[in-house]
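One chain, chain A, appears in both complexes that follow, with chain B as partner in the first and chain C in the second.
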Partner chain A sequence: MRTIFRPARLLLNLSVLLMAFFILGPILWLAAHAFVSGWQYPHLYPSGFTFTWWSKVFMDSALKTAIKNSLILSPIVVLLSMVICLPAAYAAGRMNYWGRKVFMIGIFSANSFPKIGLFAAIATLYYTLNLMGTFVGVLIIQLLGTIIYMTWIPAAAFASVPRNLEEAARDAGASKFRVFRTITLRMAMPGILVAIVMSFLASFDEAQGSYLVGAPAIYTMPTEMYSLVQNYPIQVAAVFSILLALPSVLLLGLARKHIMGGQLADGFQLK
Partner chain B sequence: MISLRSKNKEEGSRAVTRARPSFLGLALSLPPLLLVLIFVGLPIFIGFTFSLGFTKGPNRIISIIGQQIHVKNHWWGTFAAYSDVFHDSRFLGDLGLTLFVTVLSTVLVILMGLAISIYQRLIRSKQASVLVTLAIIPLFVPVVISAWAIHTFYGGDGFLRSFFAQFGISFPTLTSTASAIVIGSIWTSLPFAILMISSGMQGIPDALIDAAKDCGAPVARIIGHILIPLAKTPIIIAASFTAIGILGSFTIPLFLGPNQPTMLGVEISNFFGSYNRPQQSLVMAFIVFLAASGIAILYVWSNIKSAKESGRI
Partner chain C sequence: MNTKDDMGLELRGLNKILGGRVIIDDLDLSVAKGEMVSLLGPSGCGKTTTLRMIAGFLPVDSGQIMVAGRDVTALGPDKRPSAMVFQNYALWPHMTASKNVAFPLKIKGLSKIEIKEKVEAALELVNLLHHKDSRPGQISGGEQQRVALARALVQEPDILLLDEPLSNLDAKLREKVREDIRELQRRLGITTVIVTHDQEEALSISDRVAVMNSGRIEQFSTPQDLYRQPQTEYVATFIGSLNRFEGNLQDGQIHGGTDVIGIRPEDLTIANEPLEGSHPGIVELVIPRGHFFEVVVRRQDGLFRAFTNENVPTFGEHVHVKIKKALRYQNGKLVA
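Take a look at the complex of A and B:
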């Protein structure tokens, strides 16, 4: 089985190449546009290279405001989400209380209502509460998208901490709080980290709801992209895309090991 | 194997503890529950009453602003807005396209996920880990960027067209077609499906596969009788999440799809904003929700079944 004969190996390498082309092609193609003066069909090479698009983005006050809004909003959303959801995740992972399953499925089904329909429906409530076009309004919209990650993934992480380790520590005389801090929390940390990364991405990338509720008063980076692709040359959108993708790429480096190690997948199996 | 056995034991001990009333448990789960109830449950409920023609109370303002509003004529409301939508030929086209794209993309995503995960499970090679790593990259690209990148790549000035032009071949512009939506949907859905399925496959003990091999079972049999059945739950979870995500998608069909017919996510937004017909817009949202709920039930059923099989319930 381990020795693959030649045609199979060729097929394999070919499929890796195709996959690389399919996944990376569009990103690299767009990214390259950030550094070119023009690039038109049917030329395979651009007409010249330039950095002017970068200064254009950093000079544009609307784009700068969008960057600032995004960088302020997302950390607040993640922190709020942690405060609201992590205790519930702990309860769902460790206590077998009545209503636990209803809670988990309720959170899940709230997530399966089409987002765009929810945002249309939420307008009524937002007008009543005077949240339309406000910072708090956008904050709540983004918060809603993080709840499923911040409850389900940490719940699975808390559930998988072995009880006998905690009991051993208690027997050795550690206080309840110390056991929680040094054993339970530490062992659940990879799951919590993955939840934080996923929540940050969910908030930072949220576009539809933030646009419907925030525009035209508040623009974030993704909502700015909607108008950007219509009103600016493609190169400006390319520069903005690179900036918008930077935090995600940094987070990828941080959490790649745990996400690929199954923390994300474990989080979505109902137990 | 040792880890597997200890895991079973742990699950066994969990099965003994029955669910019991706990004030603390309920209290701790209250904050996210309240948030969801107020900002998801309540708007959906109010929206549902509005779609049935309840135009008073919280729906007063939207009824004044919106056009072609139907007011209830029975105590329970009216189906007039629903009938509007179902008699709109544009909606039927949209529904067809939405279902077509959802089914095709989900099937392709799961097939790709299965192929890569099975390969990674049977042969631990460099190519396998490169494939998985590649497939996970889209998870970290904001969907607005993915949609726009795919738009430029397959578009009129895109790489594919420019590349084939070098050989005198005029490659078709894929942007603004259903194919582009399928490409975009696969691109954005692949990471989650791969993570789910490959994690399920990795959990299958080596001993089972080795035993089958020793008995002379061909690879196809190992795949069909061991790998896929044992990873059934993660596969169903991956499929239902993928389908629900694509069913309600907005940005991908907005950037990549044709103007008419378009996917329902875009049409909901069009009806709400551009056409100012909020009632019909919400009706479509509930139709999508109904389809998504059907898929969600499959997901919950599969989860509960697998929990029962392993003795957790």
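Take a look at the complex of A and C:
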């Protein structure tokens, strides 16, 4: 087959490349800096490759504690968020009750205020409740940030499960609970998975509130970044950034495989 | 009068009000075992509501539903001995065809071997064994419908409910599936209620047809009777074509009066010469309909629509139309 020169096609490819560079550029810059001993203007090439920054991070007890805190906090936050929000999401998605819309918009509007003001108000409350600088305090702050994801996305997922798929299961002899378990929940699962990923990332990346409420007693990976930027060489920050991004990338990769490639995709016609 | 064994479905005095509107109005219906019955009517006549009440998805306001001699009115859909094929099939997209069919058996708690046997038999019945590992999204609409049918039949229900089963299929396939369903229903001898708004479908598939209108059954009889002896003016106009005139029929002529005269197009004879009591007119339209012709004749105060396949006149020809047989209605009811 002869290839035909198509200017539109070329333009498209060029803009895709440009966009990829725009998105990936900073990450490439970070990745490069995590492995170089020094790379500063006016030198065109880095002065040498090294793993010292990685060992520095893993030797530093403050950084290690921050990693540990983040890895413990976020899963607990997501689990708690699921327990609290999923029933609410089901109710909002499937039932029609007085004040449903106000409730859903209310959840949304909490996110429309400047967060820092909200956190300051919470901080004064925390002082009286003795939650400042505690694990539970940070947990609650991060939990608040996940609520919008864990209610809105699953609510839409529950609402989009066709009723007659449930009726068909009832007709086939399944009890209401069994229908919920095998049909409703199963079909809403892609939405719930997305909500889990978003909530995890929201919790894992939350810095403002966690810093205000947690520091100096509790540091998480993002709040540790503040002191990193000020007190460590730039390469350590690069290493730490990569570590911070790793769970997000892994999670998104997993979710993509499960949501887009799995059998669940059939139900949502996304392929 | 019925022994318990030959009872199919019985609806007694069903009522349903939804949103302040009477949807079902004191409805009675009696379906014999092994019979195939259509609920036919325009949208909003209550046919789907009736089906959903039989299946148990909608509670009745009052009345009784008996299936195979058992009162099921108070039972939920999971406890009723009925199985439904939904209009859009309602297959579970995350399960393969055989998983879909196996679901009701799994709930019954059958053993794995039994389930496998029955599922394969059911899929074989609808000629779909080769698609047992396909998911609904991977097969055509007609195949999905057969999976839905297999899922209903595998439950060995006392009564099979079909909600507009052919409406999502294209015209060619519709006829074939219609025949397939009928053949299967006859072979299994399963009591079946089918909801449809398509009169051709209802007339060709059913033993008896219940024509519904605003929550009531206008007439419940065989397709032939429905066409030849429509008991109400509503049924006469709803089923097939009808020449409708207001007035009284005397010696083949229509005079002023309060009756309604209905004449089927094939009950008109077209002749070149005047016959006794015939109406003179001019041919306005001749439409070939395949095995017959539809002829529209204009007379002094109206139109005659006739079906004929002999002596087909041509456009503009002067002809004489004679009424062979007419239906007479007073206050909407047939008068003998």
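Annotations for the structure displayed:
Keep this in mind: the second predicted complex is superposed on the first by the 251 of 271 C-alpha atoms of A that agree within 3 Å, B and C clash if a C-alpha of one lies under 4 Å from a C-alpha of the other, contacts with A are read in each partner's own complex, and residues count from 1 in each chain.
The criterion applied here is as follows: a residue touches a chain if its C-beta (ideal position, glycine included) is under 8 Å from a C-beta of that chain, and two chains touch if they have at least 3 such contacts.
Since this is a predicted model, take the numbers as computed values, not measurements.
In the superposition on chain A, A:Ala110 makes contact with chain B only, while chain C stays out of contact range. By the touch criterion stated above, A:Pro7 is placed in contact with neither chain B nor chain C. Once chain A of one complex is fitted onto chain A of the other, the partner contacts of A:Leu165 are limited to chain C, with no touch recorded for chain B. Which of chain B and chain C touches more residues of chain A: that partner is B. Shared-chain residue A:Arg186: touches chain C; no touch with chain B.
Contacts of A:Gly173 after superposition: chain C is touched, whereas chain B is not reached. Once the two complexes are overlaid on the shared chain, A:Pro216 sits clear of chain B and of chain C alike. On chain A, the surface touched by chain B in one complex and the surface touched by chain C in the other have residues 162, 264, 266, 269 in common. Contacts from chain A toward chain B in the complex involve residues 1-2, 4, 12-13, 15-16, 19-20, 22-27, 29-30, 33, 39-44, 84-85, 87-88, 90-92, 95-101, 103, 105-110, 112-118, 120-125, 127-128, 140, 143-144, 147, 150-151, 162-163, 201, 204-205, 207-208, 212, 222, 225-226, 229, 234, 237, 241, 244-245, 248-249, 251-252, 259-260, 262, 264-266, 268-271. Considering their complex, residues 10, 14, 17-22, 24-26, 28-33, 35-36, 39-44, 46-47, 50, 58-59, 61-62, 122-123, 125, 127, 130-146, 148-150, 152-154, 156-159, 161-163, 165-166, 187, 190, 192, 195-196, 198-200, 202, 213, 219, 233-234, 237, 241, 244, 247-248, 250-251, 255, 264-265, 268-269, 272, 278, 281-282, 284-286, 288-289, 292-293, 295-296, 299-300, 303-304, 306-307, 312 of chain B touch chain A. Interface residues of chain A facing chain C in the complex, by the touch rule stated above, are 162, 164-165, 167-175, 178, 182-183, 186-187, 263-264, 266-267, 269. Contact residues on chain C toward chain A in their complex (touch as defined above): 55-57, 76-79, 82-84, 86, 88, 90-94, 103-104, 107-108, 135-138, 151, 155.
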